[in-house]
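Chain nomenclature is as follows: A, B and C, assigned in order of appearance, with residue numbering initiated at 1 for each chain independently.
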Amino acid sequence: MGYHLNFGAVWRDFDLLLSGLGLGLALAIVSIFIGCWIGLAAAFAMNSKHAFWRRVASWYVTAIRNTPLLVLILFAFFVLPRFGIRLGKVESFTVTLSIYAGAYLTEVFRGALLALPRGLREAGLAIGLTEWQAKVWIIIPIMLRNAFPALGNNFISLFKDTSLAAAIAVPELTYYARQINVNTFRVVETWMVASLMYVAACYLIAAGLRFFERRLAIPR
Amino acid sequence: MAQPILQIENLHKKFKDAEVLKGVDLQLATGDVVSIIGSSGSGKTTLLRCVNMLEEFHQGRILIDGEEIGYSGPQRKARKESEIARQRAMTGMVFQQFNLFPHMTAQRNVTLGLTKVKKLPAAEANAVAEKWLARVGLQDRRDHFPGQLSGGQQQRVAIARAVAMNPKVMLFDEVTSALDPELVNEVLSVIQDLATEGMTMLLVTHEMKFAFEVSDRVVFMNQGRIEEEGPPEELFRKPKSQRLAEFLKSSKF
Amino acid sequence: MVEQGTLLYEFWVSRWAILQGLGTTVLVSLLAIVLGTFLGIFVGLMLVYGRFASRFVVRMYVDFVRGTPVFVLVLASFYLLSQIGIQLTAFQAGLFALVVFCSTHVGENLRGALQSLPRGQTEAAKAIGLTFPQIFVYVLAPQALRQALPAWINTATEMVKASTLLSVIGVAELLLVTRQIISRNFLSLEFYFLAGLIYFLIDYAIERAGKAVERRVALPS
């Protein structure tokens, strides 16, 4: 076969790969941040008294979760300009990923809300808090702590999903890997390095999340 | 006595580095009903679980009807898994948590062992199962799933499942501890009936009154050893050891 | 007939292409799910019952694949396999990546389901004298499969969604066909929406079918 491993070609452009990895992380962080707000709103909407909000939220979640992310990305990138919304590649991708994240986080938050004992809200009301105050000071903080593991998992998934940005030529890790692959034909090395970078990043993120989870835990 | 049906000789067992059983000797003749009492950590459940090899032991012998359980020969070679499985069928065990198979009806729970281990034909297995389910009072529940039965009913099915295999010794591991108080009696009366009919039984129990009423002998275990053994009147009314007296007092017997 | 220039006309004209794309999508998804499940069952069993060495290797396999984005798996498979001498079409290379991806999900789900079964089940089965193969077949597997079913349905929908990634390596599945049509008639909104709708319907159908199966095998309580 005569294929000799030569990591030099990949090493030369390692800074590009690293910058791509960083961009991916940044995209994931921004998306989950925005997604959290959307998810919280939708989760509360699904518990709302008004059937209208329940339905809107429910359709949002079902529609997004059952549509492939790539279709959403392409749709946002190519179709939105026709409505006059001119976004750059990165912004377009971020918006798409945030809306995507929001749908999944809605389910996470909804589950966490349901798992809370009912007495919490009532205890808050009993000491004179308004519904809104009870939500902000009691329910949401506890729910977020409970939802933390699931949130963490979603974040890691989201980070892996940033690889799809390469499909619209956003300069993240996969995009650069593909370029290097095409330029150097060092197929094995390129993809091994790219994979390992993702795997290592996911592992570190997971370890970091576990650390934070322990620090956040309410002492028992 | 004539050859005892269950013989435990100098049984030692370790969990990691702590010795949980420190040389236990016990014999049961056919038809004996023996209760084991003691505080948690005394090793009573471990002893029971060694008899059907759910726990391994590193020293001593257990013989059922003369056959050495789990190991064989002077070199103490461990038996093959299939051998051990066959030996386990010589005993029947009822667990604290019932452990019924939730995806099978009560009837199927009972016939599983009859068809797959004893290789009985389906018709015969069903007949045996129906007989025993009727004996524990659950004939009209035999097509129900465990999820549809109360705790007491599940435990009675568990007893039927074990007894239908026609074991030489029945092992009961705190079988009423997980039951609501009002369901305990229905299970105890089934066990009482089996005892009266001559089933050989080894029970680990917290129910002191029941142990007093049903047993031929009572064994008090403490820290991995049998500290006292004797008929219920002696053990409960005239305890010889200090710790047994304390234990009985704290159990409010 | 339908007038030229209207939307309906465009849909009508492209119907064969779309149907072919859809057929390819369904084919590759189905193959990926079936093959991935077979491999995944093997992976799951290895993770739970394998000897230390095999468990370690399989664990590495699962962790490596799950830490890599599917997109990277597809691209790597496409570029790599031809390089190391295995001549595969884009379809086959993409399918390979999807099968590998699916197997890790199925394997992990099976492992989780098996390990969540209470120890008492195995003990009760042992107590009546069943051998280990019997215990697995009659007691453990039926319960584990019931438990893993929802997650498996979820994996199936993930595979359908992942099939879109094969468009990037040139497999003529629904998304690529859609893009080709759009490059011709510039009706990006309509046709992306149509594609999205079709994917949505497929996934929705899988979910509903899954729920129906769940109801049928559920134990009465």
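One rule holds for everything that comes next: a contact is a pair of C-beta atoms (placed from the backbone, for glycine too) under 8 Å apart; a residue touches a chain by one contact, two chains touch by 3 or more.
Just so it is clear, the model here is predicted, and its values are computed rather than measured.
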item: Topology of the chain contact graph, where touching chains are joined (line, ring, star, complete, other); value: line
item: Pair joined by more contacting C-beta pairs (B-C or A-C); value: A-C
item: Subunit A and subunit B: spacing of chain centres that average the CA atoms, whole Å; value: 54
item: Centre-to-centre distance between subunit C and subunit B (centres being mean Cα positions), rounded to whole Å; value: 47
item: Centre-to-centre distance between subunit C and subunit A (centres being mean Cα positions), rounded to whole Å; value: 21
item: Parts of subunit A lying in touch with subunit C, wherever the complex brings them together; value: 1, 3, 62-63, 66-72, 74-75, 78-79, 82, 160-164, 166-167, 174, 177-178, 181, 185, 187-188, 190-191, 194-195, 198-200, 202-203
item: Touch list for subunit B against partner subunit C, complex; value: 52, 54, 81-82, 85-89, 91-93, 95, 97, 99-103, 112-113, 116-117, 144-145, 147-148, 158, 161-162, 165
item: Of all residues in subunit C, those that touch subunit B in their complex; value: 118, 120-121, 123-132, 134, 138-139, 142-143, 146, 219-221
item: Subunit A-touching residues of subunit C, taken from the complex the two chains share; value: 63-64, 67-72, 75-76, 79-80, 83-85, 157, 160-165, 167-168, 175, 179, 182, 188-189, 192-193, 195-196, 199-200, 203-204, 207
